[in-house]
Structure formats: structure tokens, C-alpha cells
Amino acid sequence: MLSAGEVILQQLMNGLILGSFYALIALGYSMVYGIIKLLNFAHGDIYMTGAFVGFFVFGILAGTVGSSWGGVILAMLAAMCVCGLLGFLIQLLAYRPLFDAPRLSLLITAIGVSLILYNTVMIITNGEYMFFQHSIPAGGLTFGNVTITWVQLVLLAITAVLMLVLSWFIGTTIWGKAMRAISLDKPTCRLMGINVNKIIGLTFFIGSALAAVAGVMSCVYYGSLHYFMGYMMGIKAFTAAVIGGIGSIPGAMLGGLLLGLLEAAGTQALGSSWKDVFAFSLLIIMLIFKPTGLLGKTEIERM
Amino acid sequence: MEHNENIKLQNIEVTANTAAAEEAAVEEPTVIQRKGIAGAWDNFVEGMYRLVETTKGKILVFGILLIAVGTMPLWASSYVLQVAWNAMFYMLLAIGCNIIVGYCGMCDLGYAAKFAVGAYTSAILVKTFGWNFWLTLPVVIIFAIIAACIMGGPVVRLRSDYLAIVTLGFGEIVRIVARNLEITGSASGISGIPRPYLFGVQLTKIWMWFFVFIILVIIFVIASNRLKNSRFGRALEYIREDEDAAEAMGVDVARYKLWAFIMGTVFGALAGAFYAMQMAAISPNSFQFLQSANILLAVVLGGMGKVPGVMAGAAFFAIFPEVFRDIGEYRMLIFGIALVIVMIFRPQGLWPERRR
Amino acid sequence: MTKKWLLLLIMVLTLALFAFGCAESGEPATEGQGGEEQAGEESTGEETSGGVIEIGVLAPTTGSEAYYGNDMVQSYQMAIDEINEAGGVLGNTLELFVEDDACDAAQAATAASKIISAEPDFVVGGYCSGATIPALQQFYDAGLIMLVSCANSTNITDLALEQTFMINSPGTHAVQTLSALLSSLGVTKVATIHQGDDYTKNLSDICEAQLPEAGFEIVAVEVMEKGAADVSAIVTAIRNAGAEFVYWCGYHADGSNVIKQLRQGGYEGYICCGDGSASPELITACGPDGEGVYVTSPPNVELAEGGEEYIAKYTDLYGTGPGAYSTLCYDTIYVLKEAIETAGSTDYEAVRDAIQNIEYQGLSGLIKFAENRELAVSNFIVMQIEDGAFKLIEP
Amino acid sequence: MALMEVTDLTMRFGGIVAVDTLTFNIDKGSITALIGPNGAGKTSAFNCLTGFYKATSGQILFEGQSLLNMRPYKITHKGIVRTFQNVRLFKNMTVMENVMSGCHSISKQFVGGALLRHPAQRKEEAEIRRISEEALKFIDILDLKDRVAKNLPYGYQRRVEWARAIASRPKLLLLDEPAAGLNREEKNDLVRLIRRFRNELGITVFLIEHDMGLVMEVAEKIVVINFGTKIAEGTPEEIQANPLVIEAYLGKDDDEGGPVQ
């Protein structure tokens, strides 16, 4: 039996870990939505692809670099590059021809891309689960009955660092500024000499690379991976992005962490069978009372 | 407001430069004649449109269709009938979904929840309470309306992307609730539902259901067309085209969106009720997100708002996996690729439009 | 426009690449269909020798359960090849006609009608209960004897179809065995985790119904969605409920994740898995966290007599080891063979009665049917993971 | 007699006051124009009248009834119909269907009628068609009725929008820069049309416009605003002579309307 305080501490930790996965994926959703108003359905599958790329690279490297943190970091970098390029290519081949088409067509294309990724990985892996065997030492900090492992701490640290870097990138670099400008007014950006297509490509690259980080992290933390791991994760991450205010970068982070915590709380309070109902109900209530999300900006409609 | 001035200025330029050319265009609607196969296809489409415009042509085309479909049980195996039944079931759903997505332009990613409502209502009343199936239909409609109000009421004022995610959320909620409740048979669902009787005959054979569904499809098509060609249907289309302009013309946008939701749900729920009876078993697994996505894809692939188009899309959805059964796992991959290609080349859907 | 055509070209090329690149991994699926093509050419033979006895197979060869579906088809195929090599059944050769239900009710209905249209003599298969149940009704309507190899939801029994037999022990048997294990361990507070689908939820429900009668307390019932990564919140909730024993009703693929997270989350009590997890892969995937975990399972291939041969042969044929339900499927074919031989024909009534009265000692244990066409005797055993292998224990 | 009375209308966006205590009347059967330089708050005022913006304070009375806090569609049902500055047609629908939308506010059949097609519904549909065709004939574009709106040239799209507006048989027609994007000839047509709306159909017309020439020609009363407040009101002659107006326009002369001639 745990004491009430221990339960809260443990669930807080659980929620934070899960939330950091959501946040990393939600960032990609939010960035893409902000810039081309597309609900990128394939994003969850990019997360999945990232996990598999990481898994295979890790397998190859295990012999030379070893199967501890070194291998994981290298696998993560490789997955980031591959998924970044993949995201860029998807954008180039599937989405770009449709930027001026009705929004629904773009959404359907995204579902199509999602199907392609999902089924390709399914065929390659023969529909089986893969298990990620690493030799990262166990152990961690112990507070009474609550243990926080080193892996958990490293995951949280990686998430925090990536978010800070991203905030810096979006906030201060010329690229980041261009991204924000495009999300406000694409035609004007063209007139101002911004290479809009290039920036959109960059956005996809970064968003996908972040999803790949989450993918490799999930390999390390959960140890198993399969071709449909992206589906529910994608939906939850999108929910997180909406809760935080879609299109807003800090919103995605906040939304992710919040959703993670809420799910942990929901599991504790209502039981795991109602956990998702709890999460989705919150989303709906949230949208009814604050449609712009927590950190989203209200747009004044202009006629 | 400065922004508006810019647009106005641009417009003036455009008009000034091309005024003469446009004047000519109005006098004589010119349709660019395409060459080769595309041209032949255009001519064929135009010809077909002309044919079904006349009463005789209508009778001819629909007569042939009806005879071809009506005699199917005589020459087709039960497998073909089952596939045809499946196609018709998808058509019913697509026609219903089309009211929400095609007519009104709302993105619905949770249509499975809507037919789940009908399927479960009917199945529970028949199996648990021993009702006659035909008597459950009015109850199904009432439940569908209630469900649509709960699901649609709060969200019709939301922006379209949020609508998509909220419908998706409701889709998941309905499935999970069905899985958790005792009355819906929890995860196993409801099985062994007694087949209903029609004119004293129990509907057990697939060819019987085939005919029941033909009649249903005809009813749905007529109802859907009637809705479309009415003040109500036009209002939905105004909303799809331009919400502000629709509001300016006196359309109560929120109310009409809600009613589009209700009509879509009623159609879907009725289809679901018949589905439960034919399958004699339903479970939460039948109402997963993939199902919703399939229906939406059928509508968009076929051509939003065009009833024959969405029916073709639905038929394609039901038949495609069957034709490609032999390539097993590859079929969904090919399907995904086909979807992307179709969207890139014909974002308005596959059904040909009359060029005027 | 040229740009668009260029895109089309690129896509077609990519597709072609996929098709060639993945040709190897697609092999198992086509193997079953080889039989299908031949079956189309020949007329369905009756009991005369030299003919063909066609067996329809309903299995999820694509979709989320494709792994098990393909494993089923491979096991059937292996049994059939053996029988055909040994001279067939009553001089007839056996052939498979595989249809995919993709673990989806609607597709299962279509697959079932395709099987019926092909007019086979018998039908076997059925993995996902939810997909199998609508098909069962159709097979009943068509007068085809059905041997359900894997699906073991008690809902199938509840349908009370006179020609449908379940080769796998139903959940009630598993829970009887579990109850014995609980008594021997001397624990009272039990938590179950299922995966929200028909089979695992059914097992959990049976626990909830039967265990309290036997004097145990169910302190938590949790659900982990298939493929969901994170169960840490569930682990904390279970610890908080004070469970001394966790019964994992789900499948082995997610099972390893659950066991790892239970241990990482600080749970120190007993863990037991249901038959869905009785696979050697569970051991490899769990690593050191798996030590001491119990499994209630139908007789494991490795522990059964002749099991090692079976594994060797299967691995030799297909490159991977047999899955959890492989022997059940393998035995299904042999049960059918024996029943046909007893009946002396493929006559519906005769074969049905023969199956009803059969007593067959297979790799998966004794197959003998009760009045309700479930297995009469529970064949469940309890195993424990010790030093990276399953070890039989007597509860 | 005033058909619409606007009193102390104020509209704020955050800190910006777009419309500031604006007061004016629209007389029944008149042609009234609201003018002002760029960014003077014309469109904001217009959107307040039609319910698309919620006025911060003030009062709008139509036939003695307050329009404040009324949703735009309700205002249309009261007999006020508007057009848009940038033509907002239902682009993928035919001209006829576009114009039929005008009849929405004066008809009432709903789902039941649509499904059952009972005599009352059929009669109403026929009536809608008749009114729409009349409106098209009035604007002289009946021959375009089966064309898809988006394929029409801009000038004709404008005409469709006017036909749509008069099909609703409004008491008050609000035109938002109706001359924008029209050439000289089309502008002359517009002047004639606006007069015909009033003279033949008895519709009160209120317009906001940039084109001074057009306004001076057609309007009987002009309200001039700058920085959201009214600076002048009166007949075209009075306005032309008003020094405040001249200053406002000359001081910020940057639009194609040019200074007062």
C-alpha cells in the first residue's frame, strides 16, 4: 500500500513522462497546423517510423558502440535525420500540390499518407512486435516507496532541452521568425521575399525530427515497438495540441504535459477503462468553453 | 481594413484589363475541349448527363441498373451477394455522412459512432427486450436525434478543424462507453440477435438482405436528393460555400448545422440498425476510428455532395479490398497510395462534374 | 501539369520498390493461397478416395492480428502436408482455402460468405471472437461444421450452434486453474488487467465472477489498450489498491511491457499471465523482469511430448518458431481427420457426431468435447518462468 | 419617417475605437450613403448594423425594434439584407441557386417538408423559383441562371449578389461598396439600378462607398465619418461645400475616389 502522498508523487511522475511524449509529438502537429492549417494525420505514423529507424540503427550500432546511452543517442540522431527527411518528402510529394485545394482534400491526403506509412512498416515487420534490448543500468532515486529511474530523468531532461532549443529557434532565429510570419499571412510573406515553400519544408523537417526523438525515447523507455503504436499516440498528441491551443508552440508543450497528468489522474480516480473517455470529454469541454485552447490567440474575424 | 482596400484595388486592375475578354465569355460559355482519351471521356460524361436529363433516358438508365442489380441473386454466388450487400451498406453510411460532410461541409471523423447508436439501440431492444425489429426503428430515430444533439449541440459553433477532432473524440467515447457498459454487452458486444421477419419470412439468407438493402438504398437516395433539392438542403450548401454569406442571407447557421448533424445521424443510425440485424452480432470493434475514416474517405473520394459520386466511392471502398484480396497485406498500402494520387489529381473527387 | 505527372511517376516507382523489396516477407500469406487456386480447379470431392477434402480457413492474415493469423495458417498447412504425405484421409487429400477476416466483423462476414461460396467440406479457424461470431452464424446457416481453433470467448458457447466446436479451453477453465494457483500461493487480493477486446475482457469478467466465490478479492480491474505504451498510471493504481497478485489477461506482445512496468513501478507481488501470453517471446522480451512470472496456459509445446520435434519442424519450414496457438491449430486438423475417418465419410451428421464423441490426445492436450461443445476437461497448466525458460509447476 | 435610427453607436476592438458615438437616421424610401476616408470605420459601422460585429454600446433601432445583440440571420429575417465588399457568392453553385438563397428568409419549409414534398412545400418551392427568376430578370441576368457562379466575370458576380439581395424582398438594402471593382459603364448601370431598387421595388437603400462621383449622383442624404465619428451629414450639395469634409479627404487623400469634385 502506498500513502496518499506517494500515490500523488508517483502519478505526477507517470503523468510527466507520458506528457513529455505527447508534448514532443504535439509540437509537430502544432507547427504544421500553424503554418498550413493541416491536421497532419500522418504525424503519429512518423513517430512510429522514428521508433523503428531508431530500433534498426541501434541494432546495427550495438556491436560497435555498445547498447547503452551512446548507442541510443546515435540512434536518436539517425532517426531524427531520417524522419526529418521523410517528413520533408511527404510534404513535397503529397501535400504541396494541394496547398490551394479544399482543406478536406488535404486532410484525406494526410490519412492516405498515414495508411502508406502504417502498412509499409506492417509489411516490413510482418505485423510483429519488436523488442528493444538495451543495457542501460537500472536504478535511480528513491523516495520512500517511490522510485524515479535514471531513464525517466534523462527522458525528462531531453524533452526539456529540446523544448528550450525549439523555443529559442522559433523565437529568435530568422527561420523561426519566418515560420511565425507565414502562419499569420502567407501571401504577404511571399511578397516580402520569404521562400514560403522552403520554410514549410523546414517546419515539416523539424516537426518530424521531434516525433522521431519521441519514437526512440519510447523504444528505450517501454522496450517494445509495433507498427500501430503511432495511431493512438497521434490522436492523443493532437488532443494535447488542441488543449494547449493549436498553432502555439508553448501551448503544445503545456497541452502535452497537462494531458499526461490528466490521464494519470483519470486512471487513478476513475479507473483505466474510463481514462480515454475522461481525456476526450475534457477536450470537448475545453473546446466549448475556450475554443482557442489554453494559450491560443483569439482571432478577430474580419469581413 | 487596409487589407480589404488592397483586394479592392487588385480587383479593379483585373477588371480593367480583362473586361473585354470577360464580356465575350459571358455571351458564350466556352468549355475547353480536351483532346484524346480525356476528350472522349468528357463527351461521354456530357452525353450521360444529357441522357439522364430526359425522362426517357432516366427510365432507360435506371431501368437497366435495376434489372442488372435485381437479377443478381440469380447468377451471383452468395459471396458476390455478400460483397454487394457490404457495398450497399457502405453506400447507406456514405449517403448519411454526405449530408454532414458533403452538403454542409463539416469534417466528421466519428461517423462510426453514429451508426453504432442505431446498431446498439436496435440490437438491445431486439435481443434483450424481445421487441419486434421493425418497431425499434422509431426508437432508433429518436435515439439518433438525442445522440446528435448531445454530440452536435455543443460543437456546431466551432471552427471546422475543431469539429473534426471533437467528432473523433465522440467516436472514441461512444466506442469505449459501449465497451464498458453491461447493457451493450461490454467488449463482446451483442451476438445471436434473432433475425427479423418480413411478410412472415425470417430474413436469414443473404439474398433476402440483398433486396432489403436495395430498397433501403433507393429510399436513402430519394430522401437524400429530396433534402438536397429543398430549402433545407440549399441552406446547408450555402453554409458549406460561405458561412458568413449564408448567415447574411438569413440562414441560422448553428441551427442548420445541428440539423445536418441530426439528419446525418438518423441516416447512419438506421443503416446501423439494419447492419446489426444482418450480422446478427455487433461489438465495439466494428465501430473503430478506421471505420469512420473509411466512410469519410468514401465520401470525399467519390465527390463530396454528389450522391451518385459518394455511392460510387462507397462501392469502391467495399469492393476494392475484395478484388485485391489475393495481395493480402499490400492492398491497404496500395489503397493509401491510390488515395494520395487521386487527391493530388482530382481533389474534388472522382465523380465527373458537368462542365458548364 | 508536368510537375504532377512527375509526382505520379515517382509514386509508381516507390510502389514498385515496395512491391519488390517486400516480396519475401509476404511469402507466408501467398502460401495459403496456393491451395486456394488449385482448389478452384478441382471439383469438391465427396467421400470417394482420390478426391479432395476442402477445408475453409477463417483467419486474420492481415490487420493488427496478422501475426497470429499467419501462424494459424502455417500450422494448419503443416498438419495438412503431413497428412497428405501419409496418404491423406480415406484416400482423399486435404486442401486449405484461406480467407482473411482482418479481425473485423464486417470483413469476417464477407470472408465467411466467400468460404461458403467455395463450398468447402469443413471450416476451421477463428481467432478474434468479435470477428468470428458473425461468421459462425453464417456457417451454421450454410450447414458447415466449424472447428474454432483459437477464439475461446464463452459467447461462442452461448450461441449454442450444434456444429460449432471450440478446440481451445474457454476462459472458465483458465480461471479454475488460476484459483488453484492462488490458493497454493496463499494470496487473497487480486488485480486483473485486460486489453478491452472480447477475449481478454471475457477472461477478466470470468475472474470477477468466479474468484470472489472461491474466497478471493478482486481489488482492481484495469484495461490497457492494445499497443498502448504507457501503463505506469495503472501500475500505481494497482499498487495503491494493495494487490498481492496481478493477473494479466492480455496478449504476450503487450505482456512484456506490462510486466516490465509493473516491476519498474515498484510492484513486488506475484504476476501471472493468461494463455494469450503463453509464448516463449514473452520470456525474451521481459528479460530479467520476467523471472518468477506465472502463466496459466494450455499445454505448452515445449513441455508437451513431441513438442521439440514440432518446434524444430515448424522452425525449419517457416523460419520462425510456432506461436501460442500453433499446436491448437495443428491439432484441429488432426481432430478433423480422425472424425472423418471414424465417420467413414464427410457426411455432416456423421462427422458432427464423431467430433462430439472424439477423444484425441494432441500436442495441446486431451481433446474431448462436453455437451455444450466446449472442451470437457480443462487442459490448463501453470508454468513459471525460471532462468529464462518455462517450467511446469503443480499448483 | 426614419426606418432605422442609429444612436451613439460605438465599436471597440481592444484599445482601438473603430466607431465612436455615431448617430444618424435612414429615412424610409431614401437612398442614404455613408462615406469616409480609408480606415474611417465605415465597414465596422456597417458590420454593426448587420449584426456581424457586436456593438460595444449605443442603440440601433429598426422600425422601432432594437437590433443590438441580434444574430445576423435574425436581422435578415427582419427585412434588412446586405451585400459584401468583396463579392461573397456561393461559388460552386449555380446563379439560380445563389439567388434562391435570397428567398431563405421569406420561406419556412424545413426537413419535414423536404422529405415529404407535400403540396405546401411544392407551392413554396415554385414561389421561390418565381421570385428568384423575377429578381434575375430585374437585374437582367436571367440567361445566366444555370451558370456556376465562380465561372462568371467579376462584374456579373456583383450583379448576382444584388439579385440575391433583392430576392429576399428587403425593406432595407445595405450595400457595402457596391461599385468596388466595377468599370465606368458598370458603375452607370449600378446608379440606375439603385434608383430602380427604390423607385420600382420600394426598397430603402443604404450604401457605403468610396467612389465620390457615384455617391454624389445617387445619394439623397450623405453621412460622412472620419476616425469613427460623424463629421457631417446632409444632401450632396451640403456635403460638397462642407469644409470639414474637404479637409478630411484632402488631408488623407490616398484613395481612388479622389478629392471632392
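We call the chains A, B, C and D, going by the order they appear; numbering starts again at 1 in every chain.
As a convention for this text, a contact is a pair of C-beta atoms (placed from the backbone, for glycine too) under 8 Å apart; a residue touches a chain by one contact, two chains touch by 3 or more.
Note that the structure is a prediction, hence the values are computed from the model and not measured.
Touch-path distance (fewest steps) from chain C to chain D is 2.
Most remote chain with respect to chain D, judged by CA-atom centres, is C. Counted by C-beta pairs in contact, the busier of B-D and B-C is B-D.
Put simply, the chain nearest the middle, going by average C-alpha positions, is B.
The distance from the centre of chain A to the centre of chain D, with each centre set as the mean of the Cα atoms, comes to 48 Å. Inter-chain centre distance (chain A to chain C, centres taken as mean C-alpha positions): 35 Å.
Multi-chain contact residues, meaning those touching two or more other chains, occur in chain D at positions 43, 52, 84-85. Counting partner chains per residue, chain A has residues 93, 97, 120, 122-123, 127, 231, 273, 276, 303 touching two or more of them.
Contact of a single residue of chain B with at least two other chains is seen at positions 1, 4, 176, 179, 244, 329-330, 332-333, 337, 340, 344.
Chain contact summary for the complex, chain B toward chain C: residues 77-83, 86, 89, 176, 179, 186-189, 191-192, 204-206, 279-283, 285-286, 321-322, 325-326, 328-334, 337, 340-341, 344-345. The part of chain A that touches chain B in the complex is made up of residues 33, 37, 39, 93-94, 97-98, 101-109, 111-116, 118-120, 122-123, 127, 231, 235, 238-239, 242, 246, 273-274, 276-277, 280-281, 283-284, 287-288, 291, 302-303.
By the touch criterion stated above, chain D contacts chain B in their complex at residues 38-39, 43-44, 50, 52, 71-74, 76-77, 81-82, 84-86, 88-93, 97, 100-105, 107, 109-111, 113-115, 117, 121, 124-125, 128, 144, 146-148, 151-156, 164, 168, 177, 180-183, 210, 255-256. The residues of chain A lying in touch with chain C in their complex are 1-2, 7, 10-11, 13-15, 17-18, 21, 93, 97, 120, 122-124, 126-129, 131, 133, 138, 145-147, 149, 218, 221-224, 226, 228-229, 231-233, 263-264, 267-268, 271-273, 275-276. Here chain C touches chain A in the complex through residues 3-4, 7, 10-11, 18, 22, 25-26, 63-67, 70, 196, 220-230, 232-237, 239-240, 242, 253-254, 256-257, 260-261, 264-266, 281, 284-285, 287, going by the rule given at the top.
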